[in-house]
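There are two complexes below, and they share chain A, which is joined by chain B in the first and by chain C in the second.
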Partner chain A sequence: MPKIPRPPKWFHLPRQPLVRHLILAIVAAGGFYLLTNDILSTYNTVLVGEIAFYAIALGGLSILTGANGQISFGHGALMAVGAYTAALLMVHTHFNLVLELLIAIGAAAIAGVIVGIPATRLKGPYLAGMTLILAVGLPLLGNQYGSVFNGDQGLVTTPPSPPGSVNPELWLTWIEILGALVIMVLLANLMKSRFGRMFRAVRDDEVAASLAGIHVARTKVIAFAVSAGCAGLAGAFLALSSGVVSSGEFPLSLSIEILAGMVLGGAGTLVGAWWGGIALVFFPQWASSISKAAGLGTGGNAYLGTIIFGAVLVLVMMLAPSGIQGGFRRVGSFADRRLFRPRGGDVTKSLQTGSE
Partner chain B sequence: MKQATDITVPSQQRRAKRRSLKAVVAVAAISLIAAACSSSPSSSSSTTAAPASTPGVTSSSITLGATVPLTGPAASGYDEIAPAMNAVFAWKNAHGGVYGRKINYIYYDDAYNPASTATQTRKLVLQDNIFATVGSLGTPTQTAVQGYLNSLKIPQMFIESGCNCWSDPKYPYSSGWEPPYSVEGKILGYYIKNHFAGKKIGYFTQNDEFGQDVVKGLDMEIPSSDVVSRQTYDPTSLLSGPPANQMAALKAAGAQVVVFATIPAATSLAIGAAEGLNWSPQYVVDSVGADSPTVGPLLSIIGKGKGLTANTALNGTIFDDYIPPEAETSNAWVQVEAKLLKDYAPATYNKYGLDGNTEYGIALAYTFVQALEAAGPHLTRQGLLDAIARDGKNFITPGLVPLSYSSTVHFGYEGAQVFQYEASAPQITVPSGSWIGGKAVSPVYTTSPGAGPVNVYSGTPPPPPASLVNSA
Partner chain C sequence: MPGAGNGMTAAHTARALHDASDELRVSELSVVFGGLAALDGVSLSVAKGEIVGVIGPNGAGKTTLFNVICGFVRPETGTITFRNKPLRHHQPHDLAKLGIARTLQGVGLFRGLTVVENVVAGAQRRVRAGIVSAVIGGWRSSREEMALRRRALAILEEMDLDEHADRFPAALPYGIQKRVALARALMSDPDLLLLDEPASGLSEHQMDDLGSMVRELRSRMGVLLVEHHMDLVMSTCDRIVVLNFGRVIAAGTPAEVQRDPEVTTAYLGEDVSAVHQNAGDDGDA
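Right, the complex of A and B next:
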């Protein structure tokens, strides 16, 4: 039996989910600080902020779809709810930013409950259809009630003013990253809690779950509300970073991009949400550089970003059906078996894990 | 009890270790990717490192940027403007540039979506390190970045929109180029008042500053008792269908003259919807959505099922313009514009020809080249603003009236002429087909954006300078 040295004991993360997740979040925050403050240019820093708020929306959707088994084509609309709430608060009142963001989350979560209640009766394509209507219809209210929402012209948001001589763009990026990390910790804890187990039980078998005493409908609505709240915060950050909220900002394609990004990153995983965010933000950038290099001119890249995204999505689904993070997990567990487990061990056991 | 815990420890350790490994790998990978994407970290620091130099300006180049719709509801027609502007810059570069500096024009697609405008504008500023934006398009899109650009003191020059908001003293770094929409509204309203007295008037306008400003101008001239219906639309709503309800409401209200303040796609869809109601009122269209080679192709597709051609549907339509219509092929400006486009943007010329959009782009870019020259060899952002305020009135452009720039006026033209599409007028022949041409039905008018009379302009526009004609 070959003996492989293990990492020392102090290297292990604690067992308590909250402590473990907080440590990871603080490490990540340190990494992001170095990245945004010292390594990246201001422009790429802004992009990291965008990745952060997309990760919030994708993380929420990932929980809804990956852990609870519900699908939503309507997350762009839920982002609109958060964005308009935050913008209206900024235009008409002058609360502090944290309060405005919390109200935006709350408004989107309420919208999520309203959507979630009928959704408990719908499954698969019917649920997809219902949420699709949400994505198409809800942002149009911005035009319908122009006196409140100011139509395509939109509402102007006020970015938070930074303390001292901090660059305003860097400051907003930090707020977005902080928001994303807080949400990640909360979601990760939720998934380790009773609610996370209830979500998964309902996903796996509704009858079995209800026999076990789980209120299936309530669980589904809670999952929708949590997911919608995340979308609301992402929408509020989108509003802050673009400086304006208008109905044109939430086209159907946004909802579909979020869904595709979530699938690409890996449904049900929070790290996957970051992969999805990176894809959503950087693919258009790469497309622009590619088209420049290929001599298509600065205007030649109009659809190239979408094409790259589609191609990568197809490729990832072929190579790693559970998304980028799922692929990493498979590679990781393979390496783990090879490195840290004795060879010639229980063959049937490894076969079982393989077929899981 | 003790034994039991001992047994479970190894598997927990394994799990914990795997978790920590994964976390480290994830953080490392994210940092790697992000770091790999930071190709030019120096761009933002250059402003602080050398305060004497102007961002986007070197001894051999000037970097200019813009956001324009290349996809989305406003792309049709408007996607031609930036490539046409580039023809003028390429012509200037081929003749030594501006004080030896070659113009590098970078434009990105914002799909007429303000969120995208904000992202792409930030990219222009932070990554491409532009000197100024020139020829960015749209009212909702450019209002979204007006505060951002002004706070950084980056000139937001010659915005492709006639919103009155560009001349706001709160935003000294913003400037329009085309007439304010209220000026066009007043001139069209003045014409309607004099030629369609007593007729029932209906409005069909875009639901933003563009439509509202045109209506403001119309209402200054047309008695409100004559206006029987005011309908609006949002550009995004065009993606889900033609504005049939609005046209039905105008018909039901008995409107005989319908004034459009519309983007080209909305003009086509609205006329198509009215034809579907077997209704053909007198159309009066603001210059924004009036160009027949731009509205014609879509209108032809809509009209096909009804046995109607675009040229028939547009016949008799009244519109305004502030540069010579491209149908006037004997006009020296039109000739030199066509030559510039053909020689310096052949791909655009072969695809679109000289239509209202490409002509607009050339006229705007030619104006801007003069502004850069007026700013002198030591180009600064403030210097550019000062040059336009000081010399802008004297720039020689294809405009039917002189430019009215001053330190307080950030509008280009405060005047326009009224035209009518007529089957007998010379047609506009471009690669997409031959489209109905217009003939002038009024003198050239000037007026201020606010209250004030509409006056006849008696001057004659200057011909293109020999330096342009000989080198183009």
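Right, the complex of A and C next:
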């Protein structure tokens, strides 16, 4: 077998987290610019924006569930907190968009702390139950306090005005992509830091973690707050994209979709969040074109999307239990072993180390 | 004066229950679980550079004692002081900051972390970078991480574990996993090390290695060792405390404890010990 040389040293990314993740984000930003500006139609561009804000919510949940081991069925509700905060600010104030988004993140993070504190005492199904109640109950407040949240009618958000002749929808998409990439860089940094290690240590063994000096409850609350902040930003972007925030925008199914998308993409990985986002946005699209082709009515649409999603989820879990990204990683490491390592020597070495 | 020169053994034999050089001091500790006394007036102390063994039959209260010291269980009565400071309402995660490290009866490694990451996790006591620095991923946070990693690799090398640094614990034999757990405890550079059955599941040879490793630690820290394997305890410890049904039934040097008839009774039962004593008397005669 011909030996393919390993890529030269300069090709490797630097280890410093900020530099490394910024390089990746800038490359990704370039790709997204080409994709949205030159390749896709305006309609599909809007979908890319949706993928971006789903990726934010999924990335945050991925850290909470994948890295820290806490399950949440309530992220739709936390998105609602971010969305309503941003919408209320847009209706009542004239802050600039960045400030409004930051406040939305902060409000959702505070909600995350409030949810996260009781969550430190709950595990598995009990935590799932508690967060489920959150997902069902919190959006109803939108109806309950109609004078503030305007009930079913909802609050109208003001889309950011683009500079010059840029298409407003394209401009919003770019803002969403930029927001997603910034969040990805920050989350990747966090996971490379001692906090990432603490999250995973607490997930694996709480007793051992506390004996190592990790404040288990505080670590769990931090994970919840970070995750909720991401959901808040995703919610604010959802509010901007749909133009209106009403209680109907945040049904229980949103929370479940986010959880399923996160698992599908690969729990604990940030790239997986993008796969999950793609699945959440495109499966309903494919479903509607399939049902159109099959001659099903519009009523079949909604169900078909859910059925396809469920089927793909089952398939992925069977083929790659650690999600799409986990599957790619396995293929990657297999290819790496086959292509870059001389066969004979390496096999004997792995046998030696494996046999002790 | 206790602890002042004239050889370790002599000093420790003459040692009173408590003295000023103690790092850890446990006095009159009592814990009751549902009407049953798990610990009943237990006192012991560990000085810097001293290895103290806690032995006793199953259910004697050894692990409960550790759990009380670590703050997992609150005692009904009694006090714990570390370096003359009383430990009240302390939580397990406070121990590392105080300079106390503990290994667990199993291995208690983080299965989702590589060996080197597991060891780095033991250094929680020395990390400084806050969450803002971590999120930004600046040099302050990354330099600290790199220094910790280097230190963890140095400890792994010292313990002959460096070849496993990037593996996950599940891929390693049990004996190696136990050594990694010890390496993680040492990463915090503790002043007092609590070892909860470190030899369980080890082969004879591995146990000898463990014994010499623990003896070497004496120069840097005090060690409190809970263990079932008598050979290891007898050959390693400076002093031994014997627990039975939550009470201290004997304490002293290994030789003293071995001679104590109550200890044999506790371990072997009344009748057998009588036979044993008779046999011993015969031998002496």
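What to note about this one:
Following the convention adopted for this analysis, the second predicted complex is superposed on the first by the 335 of 356 C-alpha atoms of A that agree within 3 Å, B and C clash if a C-alpha of one lies under 4 Å from a C-alpha of the other, contacts with A are read in each partner's own complex, and residues count from 1 in each chain.
One rule holds for everything that comes next: contacts are C-beta pairs under 8 Å (C-beta built on N, C-alpha and C of every residue); 3 or more make two chains touch, one makes a residue touch a chain.
As the structure is a computational prediction, the values presented were derived from the model and not from experiment.
Legend: residue contacts after superposition of the two complexes on their common chain; A:215 is shown touching chain C, with no touch to chain B. When the shared chain is aligned, no partner comes close enough to touch A:133: not chain B, not chain C.
Look at A:148: by the touch rule set out above, it reaches neither chain B nor chain C. Of the two partner chains placed around the shared chain by superposition, chain C is the only one that A:189 touches, whereas chain B remains out of contact. Comparing chain B with chain C, more residues of chain A are touched by B. By the document's definition of touching, of the two partners only chain B reaches A:251; chain C does not. Applying the stated contact rule after C-alpha superposition, one finds that A:307 touches neither chain B nor chain C. After overlaying the two complexes on the shared chain, residue contacts for A:204 are found with chain C alone; chain B is out of touch.
By the touch criterion stated above, A:17 is placed in contact with chain C alone, chain B being left untouched.
In the superposition on chain A, the residues of chain A contacting both chain B and chain C are 15. By the touch criterion stated above, chain A contacts chain C in their complex at residues 15-18, 21, 185-186, 188-190, 192-195, 197-198, 200-201, 203-205, 207-216, 222, 353, 356. Those residues of chain B that touch chain A in the complex are listed here as 12-14, 16-23, 25-27, 30-31, 33-35, 37-38, 40-44, 68, 70-71, 79, 82-83, 106-109, 112-115, 117-119, 122-123, 126-127, 139-140, 143-145, 147-148, 207-209, 232, 234-237, 240. Across the interface of their complex, chain A is touched by residues 70, 72, 91-93, 95-97, 101-102, 104, 108-113, 117, 120-122, 124-125, 127, 129, 131, 133-139, 141-142, 144-145, 148, 163, 173, 184, 188 of chain C.
Partner chain B is touched in their complex by these residues of chain A: 6-7, 9, 11-15, 20, 24, 27-28, 31, 34-35, 39-44, 46-48, 50, 136, 139-140, 143, 146, 151-154, 156, 169, 238, 241-244, 246-249, 251, 271, 274, 278, 282, 285, 288, 297-299, 301-303, 328-329, 332, 336, 340.
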